[in-house]
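In the two complexes that follow, subunit A is the common piece, with subunit B as its partner first and subunit C second.
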Partner chain A sequence: MSRLRKPWSDRRAELVLGAASLLTGAIVLGMVAFVAVRAWPTFAHNGLSWLAPGGSLGGQIESMLSTATNAPASAYHVRAWPIVYGTLLITGLAVALALPLAVLCAVFIVELAPARVRRVMIRVVRLLASVPSVIWGLLGILVLVPYVGNHLVTSAERTSLQNTVQLTGAGLVVAVVLLTLMITPIMVALTCDALTAVPAAWREGAAALGVNRLRAIRAVTLRAIRPAIVAATVLATARALGEAIMISMVSGSVFFSPRPSDGVAFLFEPLRTLASTIVDFREGLGGAPALNSTLYACALLLLFSVFVLSVAGYLVKLPLRKYQVRG
Partner chain B sequence: MHRIRRFEGGAAGRRPASRAPRLRFAASLAAVTLIGSAVPAIASATSVITISGATASYPLVQLLAHKYVKLEHNKVSFRISQGGAQIGVNDVAAGRVTIGDVSRDPLPTDPPGLVFYPIAKYAICVVTNKSNHLANLSEAQVQAIFTGKDREWSQISGASVSGPIDIISRTSTAGVLTNFKSLFLANKSVSKLAAEEPSEGLLEQQVENTPGAIGFLSNYRADSGGVNAVGYNGVGCTLANASSGQYSAVARFYEVTKGKASGAAAKFISWIDSSRVAHKIVASQWIPV
Partner chain C sequence: MSVFVPDPALSAVPPRRRGRGSSLRTWRWSDRLVLLAAWGAGLLLCAVTAAILLYMGYRGVQYLRPSLIFSHPQASKNQAGSGGFLDPLLGTALLTVIGIAIAAPLAICSALWIVEYGGGGRVRRALTRVVEASIEIVAGTPDIVIAVFGLAIFQLHLLAFASFVNEGGGVYGQSFLAAGAMMSLIALPPLFVATRDGLQAVPAHMREAAFALGKTRIATIRRVLLPSVRANVATGVTLGVSRIIADTAIVIVLLGDELRITPHAGSLPGLNVLRGTGSSLTSYVFDNSPAGEGAAPQKAYAAAVVLLLFVLALNLAVERIARRHAHAGGAVAVSGIV
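Here is the complex of A and B:
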């Protein structure tokens, strides 16, 4: 007992902490290897055209369910473009909406709000950031989906697309709105922290040069926190990519690629993402090997995209080093 | 600030007063360990039956388990989860649970070695939104609607809504969907346009939300009042009609075990089969086998 109370030598602390971080790295690598091994069969049969469009994805998955242990090679045939496209669409739109919203919110909270308002807003933002995503899903399915389905979708749009897709209200716009609401508080919290870390001397220097407040914010503060904005965007995008349950509840659960050529109806068209497909078909895990492998391939693709995101974030921050305020 | 200890000499150099807190700590640690090791011993005196599977049979199995625990004076406990009929089959085949709830008949693609014990029958009702007072559909009409041939409510006589038909279905691994296809659609596939909900509850919610929706539910959910249950081939989808055999679209709930059921699971399943109390529970909202 007394041995633990004595201050540890540097060497011992170094070994223990090094072991802990190696363990974390090993767990991550083990996870990627586990998923990759189980996803391999479907990539072996389809190659890179796994990502391409072709045929009806719903039909391909349904035909996988009837194949048992000795699945023939034709059972693995899948062209998963609709869900890859759905993931890119939902995540891209949500982040594009959340980024300006979050930056402007953060600027208001830190630079322009009176101290009392600022204290309350910071707490509210942190609370919003910790709301579980299933709550957003319930909000969507009980409030937004009926509202969009009954008041925003016109019967002309419904009828014109009735042989291609059903417009029930659950679709792109509800999913994007909820996802934006979910990722904005995280970005606001991180950007606020970065804004408060900008040295007061920089702001005072701008004021001394006669620059008005808004221009100082734009020219000095926002430029200084660009690395933090990139980091916040990477984090928010990773969260958006992995969001499964909420999207599964409100996005319409149909294998369909929304078509911008449909005009306003594009916003109401149902879709599925990689993560929501895994959730919807999780009953098939451990069942038909073709379906099992396809779902693991969706998971591998998600892991890969998060990795690409981190690398992209690092590359974007590289030329910003000279403005570095915080890492 | 750290108290610097000086270790000079043996026991004589240590102040006896510093031993008391250490002795207290050791004693409380021993007590916690003893209690902690006793808890699993107490728990193992009651046997635990783990069940997972269909969302359609969950309300029934929940009621039966509740009653059984009371009759066995808490000597047995249950852990019931849902996920779908296929999850029940996979879990029991892999040994993750003792019993699987399955709402469809055995398929040739099921893992070998499973034994299916029927415990109840249930009716499958076609349901529409409450604002659509559709009273009856023939077999041909149901097939035309769900395979996507008829796309407008104006093509269906008796419908009180207009516009396109919104088909709400289940994900392909659902037991109720398998039975719906074999009982109503002569094993044809549901149209690709249909929204695929992962559970009965979400399907019911979608049909309630959308005026032009049509879907299918087990009779327990269809009778809950939130949706309009449509008659099939001239017979209303009610418990009375299903029990008397007039309503034809009836399927079975099974409890599935790996190999023949044994131990606490076997006693539970035979209780469901033979006991009058269990029979009453099943007859309340489902059809006894």
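Here is the complex of A and C:
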């Protein structure tokens, strides 16, 4: 103890601080390695056709559960396209809805709103961003899902699909609406950040040329921060991909690929995503090896996509430095 | 990674003065439509927030009773007999303490090392890059992935001391220790970013003055730098806490399905709780919603209202810290949300 009380030498201090930060790095890299090792068996058996469509995913998972500890090679057979498709569908729709909403909102906050409204809006964005996903899910499952099920789903749609899937209200549309609301504040915050960093002189220059405020925003400000908007979209996509709890609560939790050919009923069809599948089958983690490996494969896929997205976000933001706009 | 929501007082945009002449009447229709859409988008977010707050407030008045906060959950068929959520509240508190206790030293040490020592030498710069990149990876990692990673390591026999073990020697990997350790990964990025940004904002002449007085680097850190970034660390901790209490995926994977805090039999007192299982407010809400087993919406609403109150309080806390230290810290970092 007395050695610790003495003033530390710089060398020792650096060693301690460096060790702590390398430990942080090691934990994170260990995470990637661990998840990859656990996911390996299922990829070894299925290869990249893990991602392909084929057969009923629900049945495949059932047969994994029935083989206990020593699984035969056949138990690993899985074609996970429905959940990959579900993830892409929900994320794509939510991001497509959130992008215009967030850009308009950010422009409103930074450029258009009166100071008092702006102050309120900043609080609103911050609060919306910190609402826990389980509360979104709770509101979804107790308020939106019954509403959609009772008032929006018509009985004609219900009967036309009764042999394939049950329309309870839990499904695509509720999940997409909630996910949009969850990722919009993140995009707004990032876009606001870039907007405030645009030099005032640029706006003034545009104003001096006689265009109105909105023209100036469109021609100068938004064009300057385009990379930041793309980067914000990429980050929001990563956030949307990984949302597990809310989706698991409101998406109906059925292995089903919603079919656009069903018309309006498409919006009400239930589905699962990669992340919500892990939540739904969390009891199987550490149990039957085939299922365990499949769930870790879902996690690895998420980790990989998020990694690719964050690299993409970094690369997209590079041109911003050219303008010396912080992003 | 750092996200700055513009602070109204510090915003770079100067207040606009509009003369009477430049009215909207001179605008084109397309411009007027976009203006309308922007107002609409802003008001939509306000309306959603107001709707959530009002609806949850209404449910809170309806279902939240003080007795719920002070009673243990009970197994019961109907909602009248299923008790309150004392255990989930304690569980949330315990997870927060464990998570911050692990995350804070790691994050602050990493930030100090990267900002204060990371400059010189090629090897050191490369290592700095690696550490920063890995913190960015963990910031982007979905919580469910962190949860399954936690299960993977705590099911190792090497770490059997940290979680529930059955008679056959099977390691379950579920315990407060496991969940809290993974919570620290969630709290780490906002803490790190807040501290790093604070350190980078300390003007170089303060360090130089300390060195000129003969202080060593570490003494400068302890006497000059750490005191001046205290507000940033506080912001980081607050953001970390709000992420921990809001997280559900880690809890339901790593803390088991027991609503009551269930100490691990046969361990030392104190350690037995850490090795035991339990629940948090979020997992209580999840389990009592129709998505879980309980199907007790009244209890779920009541606990969700308490959770939302915590979130609101933490939001206010971040704002207060930022306002009080605006002269030192600059704009408010909301890095916790990304």
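The criterion applied here is as follows: the second predicted complex is superposed on the first by the 290 of 327 C-alpha atoms of A that agree within 3 Å, B and C clash if a C-alpha of one lies under 4 Å from a C-alpha of the other, contacts with A are read in each partner's own complex, and residues count from 1 in each chain.
Convention: a contact is a pair of C-beta atoms (placed from the backbone, for glycine too) under 8 Å apart; a residue touches a chain by one contact, two chains touch by 3 or more.
Everything numeric here is computed off the predicted structure, so don't read it as measured data.
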* Asked: Clash or fit: what happens to subunit B and subunit C when subunit A is overlaid?
  -> clash
* Asked: For A:Ile141, is the partner it touches subunit B (first), subunit C (second), both, or none of the two (neither)?
  -> both
* Asked: Touching A:Gly149 in the superposition: subunit B (first), subunit C (second), both, neither?
  -> first
* Asked: Of subunit B and subunit C, which one touches more residues of subunit A?
  -> C
* Would you sort A:Glu243 into first (subunit B), second (subunit C), both or neither based on which partner it touches? => second
* In the superposed arrangement, does A:Gly169 touch subunit B (first), subunit C (second), both or neither? -> first
* Have a look at where A:Phe34 lands relative to subunit B and subunit C in the superposition and call it first, second, both or neither. => second
* To do: Kindly classify A:Ser56 by the partners it touches after superposition: subunit B alone (first), subunit C alone (second), both, or neither?
  => first
* Touching A:Ile186 in the superposition: subunit B (first), subunit C (second), both, neither? -> second
* **Touching partner for A:Val279 - first (subunit B), second (subunit C), both, neither** => both
* Structure fact -> subunit B and subunit C footprints on subunit A meet at residues 7, 141-142, 248-249, 279, 282, 285-286
* So in the complex, which bits of subunit A are touching subunit B? -> 1-2, 7, 56, 58-59, 61-62, 65-68, 141-142, 145-146, 149-150, 155, 158-159, 162-166, 168-170, 248-249, 252-255, 270, 279-288
* Residues of subunit A that touch subunit C when the two form their complex -> 7-10, 13-14, 16-18, 20-25, 27-32, 34-35, 38, 100-101, 104-105, 107-113, 115, 117-135, 137-139, 141-143, 181, 184-186, 188-190, 192-193, 196-197, 200, 212-215, 218, 235, 238-239, 241-245, 248-249, 275, 278-279, 282, 285-286, 295-296, 299, 302-303, 306-307, 309-310
* State the interface residues of subunit C toward subunit A in the complex, per the touch definition above. => 3-8, 11-16, 22, 26-27, 31, 34-35, 37-42, 44-46, 48-49, 52, 55-56, 105-107, 109-110, 112-114, 116-117, 127, 130-131, 134-138, 140-146, 148-149, 151-153, 155, 172-173, 185, 188, 216-219, 221, 242, 245-249, 252-253, 282, 285-286, 289-291, 297, 300-301, 304, 307-308, 311-312, 314-315, 318-319, 334, 336-338
* Which part of subunit B faces subunit A closely enough to touch in the complex? -> 2, 5, 22, 25, 83-87, 89-90, 94, 108-109, 148, 151-152, 162-168, 171-174, 189, 192-198, 202, 205-206, 209-213
